[in-house]
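You will see subunit A twice below: alongside subunit B first, and alongside subunit C after that.
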Partner chain A sequence: MILNKRQRFWTKIVTYAVLLFFAVYCLFPFIWMTVTALKPIDEIRSSKPSFLIDSPTLENFKNVLFNTGFLTFFKNSLIVSVAATIITLLISIFAGYALSRFMRFKGIKATGGAMSLSQMVPPVLLLIPLYVLMQQYNLLNTHYSLILAYTTFMVPLCTFMLKGFFDSVPYEMEEAAEIDGCSRVRIIFQIVLPISIPSLLATSLFAFVNSWNEYMFGFVFINDEAQRTLTPGITLFKGLYTTDWGSIMSASVLAVIPIAVIFMYLQKYLIEGMAAGSVKG
Partner chain B sequence: MKREQKKKLQAYWFVLPALVFFLLLIAYPLVKVLVDSFQYKTLLNPGQSAFAGFANYLNVIKGEYFSTALWNTVIWTFLSVAGEYVLGITSALALNQNVKGRGFFRGVIVIPWVVPIVVAGMTWQWMLAPDYGIINNWLVNIGILDEPYYWLGETDTALLTVTFVNIWRSFPFYTISLLAALQSVPKELIEAAVIDGAGIRTRFFKIILPQLKSVSLVLIFIHIIWTAVNFEFIWIMTEGGPLHASETLPIQIYRLAMKEFNVGAASSLASIMLVMMIIGFGAYFLITTLKRRNIKKRSEMT
Partner chain C sequence: MKKKYLFTLFICAISFFVLIGCSSKSKSASSGGEGDGKEQVTLDYWASWNPGSVEEEKTLAKIKKFEEEHPNIKINVELLTFDMMHDKLIASISAGNPPDISWGLSEWFGELNRMGALLDLTPYYNEWSDKGKLNQNVMDSLTVDGKVKALPQYLGIRALLYHEDMLKEAGYDAPPETWDELLEMGPKIKEATGKEAFGITGTTVRSSQELLMYLAQSDVSIAQKMDDGNFKNTWADNPEEMKRATETFQFYKDLLNEGAIPEDSKTWGWQELDTNFAIGKYAMNVDGSWMKDREAENPDEMADVKIAPPPYNTKPATFLEVSPLYVYGATEHPKEAWEFASYILSEEWQSDIRPTNSPRTDVVSDSQWGEGFTSLTDTGVVFPEVPLGGITQAMQDSIARLLLKGEDPQDVAEWLSKAINEDLKKNGILSE
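Take a look at the complex of A and B:
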């Protein structure tokens, strides 16, 4: 770019200043969260909070892991998220494939239209009828209610993400296999899917992260301590009169770690997938 | 022809599960909301209901806190989206510069958006706490405040504080999308402008911003919807309080249904929101198709 030296210098300074500001702004809560998690109670309850910890302790983590329902909640979240992800993926692979290859059939086109419309229906508007529905079929307080709800809201988005990816897989290869007498399902599993592994990964991660982070349905559908998932679980650490911030922050750290790790490794795929699904779809 | 028939059948089988999910858990509940909105119905006695006509709608609209919630929803949505956009474009412009550690900064800026809303909300709640919170402590130390302030517990700041935290969490999505768009702005265009003597401000408003227009419109539109219907953030941080000061329409839907067990009223409020959204989407598509047609016409003329 054609800028003189002085201009370039100042642009650089401003850019670094802005980036530094954003880095602090974004990271600050996490640092404070971790610091609090490592503090003993009397330091947490100090009227002069500081980033320095006089006597760091793992007491809060120990308390969260062994004296609360944290591990149960964690396990429940894992079960629900993994199940919802797998079901979503199975349904979306076939639907996405059909939308990618058979748009020429009216029924398929109509289904695609209905699904893109359903992406626009916000979950909170469906909360009541879904609650009543789950009540009628005795699914409240079971993992099934959450798996069904999460799957429902993830399928349209994942279908469109996968459709976008499948569109870029050339059809000629499939035609050759078809002439050889290969069944359609086998074509999908042996030709299309192996090429699309990065996209499958992105889609399933997206579904997993969304299920893992979901709060509203988990909060409303589940009342039973043994079935509760992590996000509503953490909010319950807030007692009625005193709030044990040390435990809440330790639980938060532990809840964020899996997502952060997954995301750091795979953020490229996730962002690409997001862009493909939500903007184009 | 037979082969085509077979393919068709197979294609239908492929979309069937997705369709079943859609019909059973989205379309049917949606119709149910509309039907229930015309019924007297409570969760306490789910079997019983009676036709109510527009009574639920009238009750909801005349309700003491409907106008508060509506106004709160407007403020919450407008301020959130505006703040997110400003932060998003600033960070995207900075990340688009050729600086060292870009990957690191990009990774860091995305973080708030990845964590569960619950964790984000509670961490900020802790930092904003009046007695032991670090933010109050700093503000008092610097001298901005005389004494700690209960940001989430006072009627005049509760909604604004939650909005601030929502902006913190949501702006990275804009950053990513705008950064992607910025990277496709042709460099020659900017260089040409520099040669013509355009200053930073002219370059930004006359060249970069117009190039980002379509991405920005989509982003803003999607987020207006997402923000207006967001339930979790406000619920976790204030539960709509104090004294309904941060109650938006989704929170009110929840309160009507799950606290007052009034399914009819909650359904009619949900229906009102649904109609608002349909009008919003309708307007959006109308505008975009009109624009597209105009562009087409113009390009045909030249």
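Take a look at the complex of A and C:
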């Protein structure tokens, strides 16, 4: 449809108005969180809530960083998330490749089906069986329990994400490498993976963010404060009868920073990676 | 060559994170070597105080003192919110690995007892020199078939809190004593102050606690223990009880229709209720002595707060929140667990940490935050000792049906009666 100048102008106005509305809608919680983190307690509890801060303070951040176990929780989350991401990626690369290239085999087909089915089981249903399992293997209260649980839940989805991308990699490239005497593992690492960087980054980001944000297994499997991860750690500011909103908000702001930074730098790859497996060609 | 190097680096990174990340200490040993001829014991204690609070500081000092006086016992504290604690307890009990002692809500008592998770404390309790010092009403709520199954570590008795200045502005010298008086005051307070007279909760566990109290004020209970030892909601069998239950739901409806409560309070949880009262957004609510802590945060708004018995319909009643200290049957050290539990209930601990909300009759603060609440203990009602998960949810749903969907109070009372009995049946404890 051809639009005249006036119509183009109004279309632009409406588009930007809608985009602005959704941007404000999405950003509001983050802005409110940051503003609250910078407010002193009497302004947080004020009967007239406002975006403007009369006496901005870093007291909440200081309290979170120096008087609580926040840094320990942060370190633990980082270790667990990075380890779970690497292991998930390693397994998913091979599993995704197998699903992409050997779907004609019955066993592979059945494994793919089983992986799809496993996505339909809510994690909360597996809480008690997994707890018992971790206890029997003496893994409770260690990072191993979390890494294993997170990997278990992320491998199927990451496998399907990577399978989608591997499907779009021309098989002829592998055949050429094979003719040159390249082994299957070498093909994966030297031919397929180097051209799959955007997809690998998107999958790693997905795995990392999921591990970073996980809450339920984090609080059920871990008893020791020294091993606790960030999400259950932050909820401790919610006390018995009162909630320390200033500390919760500043801890949340600090917890969001790594994810925000990663997204900012890798956004380009993320979009490429998401789109990569969507069209087969 | 470069690729090979990268691959090696990749494998090293995995090993590094796995080794560093998982080189944590394992679960603390529950017993160890010999010391002074006694077995070294570590008790796992799950608690829920506010991190960084004065309570935490005092409690940790007391625990340290206890450990010094009992060199063979070490207390391993884990701090959890109540939301986290329930799921964690259920998982650990199912795996046969609960802590030795934990805090908990009274709503979990029936569930934990029916799971067989609680230690029978009767032999220890009977030999305890301070057993006469605990309020009998409170102990009865933690006793099943003559067996003491938990100990009360603090009381969250509810009373009417009111902003005296707002009432005076509307021409009232005293708070309401009955529901009718409260409803009558609603429009006048609104007119004089521009603020609503009362606050309620429509969500979270607090709303079911409030509903239990209002039902008790109409002299009805949600489930009665029958002759066969099982439980039943008897409203449908007794028209008089159904009428009184309906009156309770009508009271909620009247509060809303008369403008006595803020329009949005039908979806409030405890946080909104407490915070809005503390900042003076409405005049009165039924709340606990923990609101004293809000004096520090909102000194000006809380300066005029006074305490009185909750207004009632036909019978004075309040919710008696007994915060139980659970000792678990799976503990390998019941004697040491009792030693610690009884220390928590000692006069020394209670007068230092629970001066205003102690279950001990000899620890009563003179302030309105102490005496004002503990004087209501005799009118306190508690939840029946049945699994409450489904029942408290049904109670919350009944308020939503009434206030959000606008259903008829009698229909809601009938629905709740049926829902409670269905849940009792599901748990195999419905008296037929």
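Following the convention adopted for this analysis, the second predicted complex is superposed on the first by the 238 of 281 C-alpha atoms of A that agree within 3 Å, B and C clash if a C-alpha of one lies under 4 Å from a C-alpha of the other, contacts with A are read in each partner's own complex, and residues count from 1 in each chain.
We adopt the following convention: a residue touches a chain if its C-beta (ideal position, glycine included) is under 8 Å from a C-beta of that chain, and two chains touch if they have at least 3 such contacts.
Source: prediction; values computed, not measured.
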After the overlay on subunit A, what do you see for subunit B versus subunit C, clash or fit? clash
Looking at A:V220 after the superposition, I want to know if it touches subunit B, subunit C, both of them or none. Which is it: first, second, both, neither? both
Partner chain(s) touched by A:V82 [first = subunit B, second = subunit C, both, neither]: second
Answer with first, second, both or neither: which of subunit B and subunit C does A:M115 touch in the superposed model? first
Taking the superposition as given, does A:T152 touch the first partner, subunit B, the second, subunit C, both, or neither? first
Contacts for A:D244 in the overlay, against subunit B (first) and subunit C (second): which applies, first, second, both or neither? second
Who does A:L52 touch here: subunit B (first), subunit C (second), both, or neither? neither
Just subunit B (first), just subunit C (second), both, or neither: which does A:Q135 touch? both
Considering only touches as defined above, state whether A:Y97 meets subunit B (first), subunit C (second), both or neither. first
In the superposed arrangement, does subunit B or subunit C reach more residues of subunit A? B
Between subunit B and subunit C, whom does A:I179 touch in the aligned arrangement: first, second, both, or neither? neither
Kindly list the residues of subunit A that each of subunit B and subunit C touches, one partner per complex. 45-47, 90, 127-128, 131-132, 135, 216, 220, 232, 235, 238
If we count contacts the way the header does, which residues on subunit C are in touch with subunit A in the complex? 3, 7, 10, 13-14, 17-18, 20-22, 24-28, 44, 48-53, 78-84, 87-88, 90-92, 94-95, 97, 270-271, 274-275, 278-281, 288, 290-291, 293-294, 297-298, 301
In the complex, subunit A touches subunit B at residues 1-3, 11-12, 15-16, 18-19, 22-23, 25-27, 29-30, 32-33, 36, 44-49, 90-92, 94-95, 97-99, 101-102, 105, 107-108, 111, 114-115, 118, 120-133, 135-136, 148-149, 151-152, 155-156, 159, 184, 209, 212-213, 215-216, 220, 230-232, 234-235, 238, 245, 248-249, 252, 255-256, 259-260, 263-264, 267, 271, 274-275, 278-279
Provide the residue numbers of subunit A that touch subunit C in the complex, in ascending order. 41-42, 45-47, 63, 67-68, 79-80, 82-83, 86-87, 90, 127-128, 131-132, 135, 138, 140-144, 147, 189-190, 216, 219-220, 223-227, 232, 235-244
In their complex, what parts of subunit B are in touch with subunit A? 7-8, 10-15, 17-19, 21-22, 25-30, 32-33, 36, 43, 46, 87, 90-91, 94-95, 97, 99, 101, 105, 107-112, 114-120, 122-124, 126-127, 129, 131-134, 137, 168, 172, 176-177, 180, 187, 190-191, 194-195, 218, 222, 225-226, 229-232, 235-236, 250, 253-254, 257-258, 263, 266-267, 270, 273-274, 277, 281
